[in-house]
Amino acid sequence: MTERKTTVTVPDLIAWLRRTGELMAEHAAELSDLDSAIGDGDHGTNMKRGFAAVAGVLDEDFETVDALLKRVGSTLVSSVGGASGPLYGTFYLRMGTSQKGATELDAASLLGAMSTGVEGIEARGKAGIGEKTMLDAWMPALEAFGRAGGSLADALRAGAEAAAAGRDATEPMVATKGRASYLGERSAGHIDPGAASTALIWQAAVETLAGGSDTGSDDGAAS
Amino acid sequence: MTERKTTVTVPDLIAWLRRTGELMAEHAAELSDLDSAIGDGDHGTNMKRGFAAVAGVLDEDFETVDALLKRVGSTLVSSVGGASGPLYGTFYLRMGTSQKGATELDAASLLGAMSTGVEGIEARGKAGIGEKTMLDAWMPALEAFGRAGGSLADALRAGAEAAAAGRDATEPMVATKGRASYLGERSAGHIDPGAASTALIWQAAVETLAGGSDTGSDDGAAS
Amino acid sequence: MTPVTKPCSVVPMKKLINSPDTVVADFLEGMALAHPTSLRIDHENRVVLRGTPKDEGKVAIVSGGGSGHEPLHGGYVGRGMLDAACAGEVFTSPVPDQMQAATKAVDRGAGVLYIVKNYTGDVMNFDMAAELADAEDDIAVRQVITNDDVAVEDSTFTAGRRGVGGTVLVEKIAGAAAEEGRSLEEVAEVAERVNACARSMGMALTPVTVPANGKPSFELGDDEIEIGIGIHGEPGRRREPVASAREIAEKLLDPILAELPGEGPVLLMVNGMGATPLIELYIMAKEASQVLAERGVEVSRHMVGELITSLDMAGCSITLLRLDDELTALWDAPVHSPALHWSADDIQE
Amino acid sequence: MTPVTKPCSVVPMKKLINSPDTVVADFLEGMALAHPTSLRIDHENRVVLRGTPKDEGKVAIVSGGGSGHEPLHGGYVGRGMLDAACAGEVFTSPVPDQMQAATKAVDRGAGVLYIVKNYTGDVMNFDMAAELADAEDDIAVRQVITNDDVAVEDSTFTAGRRGVGGTVLVEKIAGAAAEEGRSLEEVAEVAERVNACARSMGMALTPVTVPANGKPSFELGDDEIEIGIGIHGEPGRRREPVASAREIAEKLLDPILAELPGEGPVLLMVNGMGATPLIELYIMAKEASQVLAERGVEVSRHMVGELITSLDMAGCSITLLRLDDELTALWDAPVHSPALHWSADDIQE
């Protein structure tokens, strides 16, 4: 067993973001297919394009967590468009600003940062739980992460599992926000693409922030 | 055996034209299919529309052959359009004017009238034999009719058979006139739609002008 | 030697494109080349601008949205209509940087009106741009969100009605109001009023194929049409058997009339979805005019064409705008854009 | 009871029409309703006329042809372009009666120019009309036959090159010349010159479905395109695998350039075949412009849009017209038709 990680450094966060981009690229077709069923079929290309732009800035010098995350957030805002651009962009922007000057995060401050980020998503999108959006993956994930106790790795794994479960739980939901809401009852029976991309973000977190080679969670995107 | 006919009266010609219209309507899809292969796919609807318009004027009073045929020709010119409208229209117009004042036609004058009509087609369309047009049915038909000797019925049957053979002989030809000419070599291997409609005119002639119930020729359009 | 096995054959897309990745960039280059003097294009920011900016002191109008709806919005940039249009990726809202660049380029000191179609992404991206304009550039910005699509029935349980055909009318009339020299407040007010008086509904004969996906957005049988579609390949309200132009006109107009406010004459817009021949649109215009005549609605202005499209979707939408004297006069005012064009000496109708 | 057996199922057509038989009549009614003052339509003769006839003493211009090519020809009736357009059945030349009615309606004492696309049917029907105008109505008629399609290679073994995209340019420029008050001889001369200086070539991504037939005019595989098509669903010169916009631009431009006479700048027209999204046409405009730049050809005027179509065919055509100062000035002159519209105060480009 490798050394047990208790904090997340700037390089760790960079690894997380890089891995997120890889997963988005791998699952782009899947995400777009989910979006075709209840939206406009671009979520995969949006995420792939956004995180490719993010990968392009990760080589810059970042001293602090907030410098990195603000850069990531504004890169997403500037490159994604659509609904997911401002939402994910706001997530990283707020996550960053909540940690002014920090150079590493322990489990508690990581939770705090992500919670602030998710509040940003709520503020920007004016959605709540159960509306069949990415929030239905984010919220249970943060709750599970906070409740987990134990090591950072365990908490991340609990979060990722809850994100994946939250993603799957969007399937029967009737959307009341975003493009899928236009379908009314016909939106039920499909997984929300934004919830699926959120689960990928959590999968990447487990793979890069939990330490060791444990990749714990399932494959992240719905099959 | 029914009475042997030696002349064609105005009512006979009306029956011929009516029957022609029925055959055009029955074979419209076939004619358009032939035209789709090497043209623009409207020959069947053109012929059907034109002879339906002709049927609409056949109840008027016609004292003479030329009054009837000129009315038919101008009706076709005014209702068909395309290449076949002026060509068939000119055929009946000239056929009529060649028989000023006649009230019936014997075999010789019928041949003369049709020959004048076909010269009109040649003059209007500036085509000759072997260019994969309706002339490739008209010309052998007239020749066979003229050569036949014997009864009017026999002559008509000979003409109809030659028209059908002429129609079939257009299949290997490369078109050098009309829309099919744009295809160059690719026009070979398809029967010319105008030759097929000419064969129908001859089939109708046999059925209505030859006397008796003999319908001699084959079904007139290519299968 | 092992035989070379063909890879799982991907049928190339039947589109006049070079690659799905370059669609928007190539399109904007084409626009720039085709309109070298009447338009100016900021390729870096993907903003279509007028060749000659409007006079100092007049309100500027910026719109934009995902690409794939051409001529909307870039084709409406010109005297009497838009000052700038921001082109997003296909069916994806543009990003705030684009709106910010456009805003800075077109502001003539009287403020900028954003015309935004009501989609979550568009609304959020324009919102962020408005915040930036206010905070960083000190330019007064007002936004009008268009939401005229009656196919979205229950707006409390949805993101609200979508902005569709009515957007073209808002852009035209707000453009005319701005050209008159009205204030930002006044231009925004008339734009709001057009939006409030416009209702639309669309239908599809075929789905749409987004270049990046390479496959149709939904399956539609050879004998089926989709009623109540949006402009992004979203499935519609319901699927039905193929119907006549007359029946389709009724299916679109009845829900529009049920929600159209006010009284009096209307503007009738018959719009093609991108792959609809003009001959069919005029047939729809005839049927729509006749249905309206039977319902006792007077049509005093008409517009027929492909005006707000959905890539290669075949189908149409109908928009009605309830007119009054002011809106009619603003509608009739000259417009000089690539896609909409009439001059002072044309008799309007 | 015997069960009701479904008849051999005919899939209804995916078109916005009422019935194949009423397509042209319905279309003309739609045009009349949509343009109540700028156009006047003689429904009996299927002739589209200007709402306000041109001044006495000016040459009038009549065109026409089969329907299915909208906006050609009816959409080009208006000040600065056509005086009348005769609408035939779909893909079928109009009949002489129509041209005769149009000729009588538009002659202002200076004679009438017929602009006729080179198809056997069109040529013969217009010929008969010209004979009638001369014999019965004593109106001076001149004819110009357009034949700009380089896809027809060997014009001695064919009915000659077809009239396609160049027809739009002939109609615009002859219209401007007539508006200037030139004589019939002079207007015919300039029309001939435009035709002689124009060359076109088209391609199809899909075949066309004529309403009366209800099935595609030819079969085209999912990965095939047809190069050198006409505008009536005729198959083309050859079939090829799907290619990029850039490659298609070369395939169309190289044969055009090989036959384009003269030297100097050109007008580039990129035309959609009826079901081609505008975004793709602008992409083609970009590629065509770039190919021409590489070949050393200067493009001084552009026109992009669906201008001469083939019902629901997807694909495009390119037309080049070699310009000189006179043709350029006539091109830039104002035009006020439903489909082509610019005014004196527009900067042409």
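To keep things simple, chains are lettered A, B, C and D as they appear, and every chain counts its residues starting from 1.
Here is the rule we use: a contact is a pair of C-beta atoms (placed from the backbone, for glycine too) under 8 Å apart; a residue touches a chain by one contact, two chains touch by 3 or more.
Since this is a predicted model, take the numbers as computed values, not measurements.
Under the touch definition stated at the top, chain C and chain D share no contacting partner at all.
Touch-path distance (fewest steps) from chain A to chain D is 2. Ranking all chains by how far their C-alpha centres lie from the centre of chain D, first place goes to A.
Here the spacing of chain A and chain B, counted between their Cα centres, is 77 Å. One simple way to say how far apart two chains are is to compare their mean CA positions; for chain B and chain C this gives 54 Å.
Centre-to-centre separation between chain A and chain C, using Cα means, comes to 32 Å. If you sketch which chains touch which, the chains link end to end in a single open path, with no loop closing it. By the definition given earlier, chain contacts exist for A-C, B-D, C-D. Against chain C, the residues of chain D that register as touching in their complex are 11-19, 23, 26-31, 33-38, 51, 67-68, 70-71, 75, 205-206, 222-223, 225, 241-242, 244-246, 248, 270, 274-287, 289, 299, 302-304, 306, 309, 311-312, 314-316, 336, 341-343, 345-347, 349. Interface of chain C with chain A (complex): residues 66, 88-97, 119-121, 124-125, 127-128, 151-154, 157-159, 162, 210, 212-213, 217-218, 230, 232-235.
Taken in their complex, chain A has these residues touching chain C: 32, 36, 39-42, 45-46, 49, 77-87, 124-125, 174, 176-179, 181-184, 186.
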